[in-house]
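One structure coming up, written as structure tokens, with questions to follow.
For clarity, chains are labelled A, B, C and D in written order, and residue numbers in each chain start from 1.
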Amino acid sequence: MTIERLACVASRSERARQGLDVLRSNYDLVPVEEAEVIIVLGGDGFMLNSLHRFQGRGLPIYGMNRGTIGFLMNEFKEETLIERINAARPQRLFPLQMTVTDSEGRVHEALAFNEVALVRYSQQTANLRIAIDGKVRMEKLMSDGVLVCTPAGSTAYNLSVHGPVIPIGADILGLTPISPFRPRRWRGALLPHSSVIEITNLDPEKRPLGASADSTEIKGAVHVLVCVHDAASVTVLFDHGHSLEERIINEQFSS
Amino acid sequence: MTIERLACVASRSERARQGLDVLRSNYDLVPVEEAEVIIVLGGDGFMLNSLHRFQGRGLPIYGMNRGTIGFLMNEFKEETLIERINAARPQRLFPLQMTVTDSEGRVHEALAFNEVALVRYSQQTANLRIAIDGKVRMEKLMSDGVLVCTPAGSTAYNLSVHGPVIPIGADILGLTPISPFRPRRWRGALLPHSSVIEITNLDPEKRPLGASADSTEIKGAVHVLVCVHDAASVTVLFDHGHSLEERIINEQFSS
Amino acid sequence: MTIERLACVASRSERARQGLDVLRSNYDLVPVEEAEVIIVLGGDGFMLNSLHRFQGRGLPIYGMNRGTIGFLMNEFKEETLIERINAARPQRLFPLQMTVTDSEGRVHEALAFNEVALVRYSQQTANLRIAIDGKVRMEKLMSDGVLVCTPAGSTAYNLSVHGPVIPIGADILGLTPISPFRPRRWRGALLPHSSVIEITNLDPEKRPLGASADSTEIKGAVHVLVCVHDAASVTVLFDHGHSLEERIINEQFSS
Amino acid sequence: MTIERLACVASRSERARQGLDVLRSNYDLVPVEEAEVIIVLGGDGFMLNSLHRFQGRGLPIYGMNRGTIGFLMNEFKEETLIERINAARPQRLFPLQMTVTDSEGRVHEALAFNEVALVRYSQQTANLRIAIDGKVRMEKLMSDGVLVCTPAGSTAYNLSVHGPVIPIGADILGLTPISPFRPRRWRGALLPHSSVIEITNLDPEKRPLGASADSTEIKGAVHVLVCVHDAASVTVLFDHGHSLEERIINEQFSS
């Protein structure tokens, strides 16, 4: 069964819009509602937004790079696009579900394909309690914040805050402190995929915290619950030899 | 179906031998050939040796600590031993298979429940090439050596050489350099459980290397192949609330 | 020549104000203008503010802890205060001078006894160029920011961002990246005390940066110059056996 | 006053011997006893040996690289050698003095320009106690060993074991654990130049230790005392723009 009906979305950048024009003049693009695959033109940021936007549709997503880094993207080529899409390797990405209770008692939910990050937004160091599966594992982390990442997200902000890169497909999550003051030199933990991670802001008035799921941020977070949302997975397609698995392994061996 | 027939082995330490005497006077111990479970008395080193010794028998192993650290051991208690063994939680441990070709062309095989470690034994820094699944990922690592660890072994020598602790049951392995000189600050990689890891000594005459699978060491290693040996797993029993999973998570949150 | 004329300042906390009342009822405190020493009651934050406030006066400063951590403070005791002050060990602290040019071309100057920190305040990773003594050493650091710390400040935010602790009195500064994305795993540098460090925001419009000298923050920083200001040193007094040198060594050996 | 009388020593490598032949045919080389400067041809290892060999003579040393890395060496050129030597920048290197008491009570002394390293040579993890200036700072370090390095040596083995690079000329030493098991994640310390560092093997029979000062190794070390030997300094000459200071700063900014 061949995929033939292509929808295409592009970021606002000139390179992405030019790419869209090229595809339009070569292929009969269809609206997303009629498509079998969604082509995304842009950089990793736009791709991440597109994963969120199209997450409920059950369509595979094929990115082509018109941005700077393109970790989640294939190379842009206008020729033989249908052949490449049909030959591409599918990779399911499982997002994290973040449930935030804010300082006024409101509850907010959001998905994160890369990471849920809790970060202070005042001058005051955050004081956080961390529980895993209902059991308190750290009574008080003093830090700029903490993040939970998926394997796909382990090469993003997690890498900056010195967390380990996790192979795509591995059944684990990364929990990594952001600029930890106490405990000194704490490096975080790798946790089972099934973990329920609860983070409580111990001093929400004096030490306010923002909780972000990818680019969605909730200010005044008091309590944050994070777990994998298996049912909300999205399938991303990668050209042969440029799979996400390959890129993540490469990332670990690069200097 | 209740486990009733207990065999017991003890290390040479006085505390282990005394423990064995206590058990003998309270239980009808049987030879290993007739046993349904093997009780191991000693420390982690003796436990590791026992895993190797009894690996082929298909019997679960229940350790009780008569040593110093006891990461793999339950608490020693003489009472209600059969009840505790029957209530204990099984944990399968999958060893690594190490295949070493030495400088005279001989091939050696050994299993490792904790880690396969390649370490220089001259004053000369080792020069190593690393390939994963047949693809060279690092042309030249200059270091004291490198190790591959299982999740269970990630809290042992891997922890000393700054590798991440891996949750038990996760489908990944750790590859961690030992005192890496170049590439500077290389931190190693987490790899899929199915990986085939090949390490080649680029200069075996001037820079000799020992390859160890747990405590078995082969000198003059030129080429080493490491992969998980799924069929050689051993089941270890842990008391409720003191599972290996629990201990490994604890290890990650301890300072 | 004995120090006898004591001035005293207290933070707004109740514990600090109570301490001030106790000292007032036991000693004839004088205004700062007439004092030979300034007693500071509060925590490390208030102490740091007091160093800035009294920096130009040439008076030694003796802190007593009425806060939580008290790294720069002596123990609070009301008795024998004059004897303790006269027996205390002086420690000169040399601040950093920060000179910031902002996006509208204005120049701002401030001193920092702990650290000068450049931190992004948008969602965008900062792109920074770093030059030492007029020579570009890093063309592009992609990170949340970077800091320069004194030895005294090396146990503060520098510790959180994984920088090394520097012994007090050592003739070096710490330069440490904050959550570095590229170059991967860059750990920063130790630099001679005499270094002139220039940090340039390569993309100030899209990626705005705040530059802080201790608690003074300048938004919209485009170019920041940092060097030690030897002439602006302040002398802080420490009780015997509780010197800052001792605390910093302790910090390095604590887990 | 111009340096004119050159002695030259070369390592056994063919490239070094060829270099020596070239110099011999262009310059009137003199014996070391009559020389004003000693030219060293080889790599860093031979240079380090030469520092030890000629340390007592008070002559400056000018290295030219005929090896692989050449951190301490200038570029090899046969022309204008006298001009380059006279224009070179002197750098004094202060060695460490190591005083080892072995398991039979014998005392051994040796100098180290790079590092004093204590390393286990059995399968057993070392248990070490560390005191600085007569005060015990760490009751028990469980590790493969520990090292003390000079600034010049901070880019050698210290770099491999994750210690910070120290600018040449800084008045500090590095103390860095080698594969530390407990305390977990201990990163070592930077210590004042004047420190007296004592390391005691807590279990010398079961856990034997070798103590090395550069390439001199003493087996069966029980107690090791390390301090800077200011009077034993050697002056090394570097071409303009290729000073050791420059190289060490470069090392910190390289990835």
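Some points to look at:
The rule is short, and it goes like this: contacts are C-beta pairs under 8 Å (C-beta built on N, C-alpha and C of every residue); 3 or more make two chains touch, one makes a residue touch a chain.
Predicted model, so just to flag it, every value in this text is computed and none were measured.
Distances between chain centres, each the mean of the C-alpha atoms, put D farthest from subunit A. Here the spacing of subunit B and subunit C, counted between their Cα centres, is 47 Å.
With each centre defined as the average position of its C-alpha atoms, the distance from subunit B to subunit D rounds to 37 Å. Looking at subunit A, one finds that residues 184-187, 255 touch two or more other chains. Under the stated contact rule, the graph of chain-to-chain touches is complete, every pair of chains being in contact.
In the complex of the two chains, the subunit C residues touching subunit D come out as 130, 132, 137-138, 164-167, 169-172, 183-192, 249-250, 252-253, 255.
Here subunit B touches subunit D in the complex through residues 123, 125, 143-144, 157, 159-162, 178-181, 184-185, 215, 254-255, going by the rule given at the top. In the complex of the two chains, the subunit B residues touching subunit C come out as 185-187, 255.
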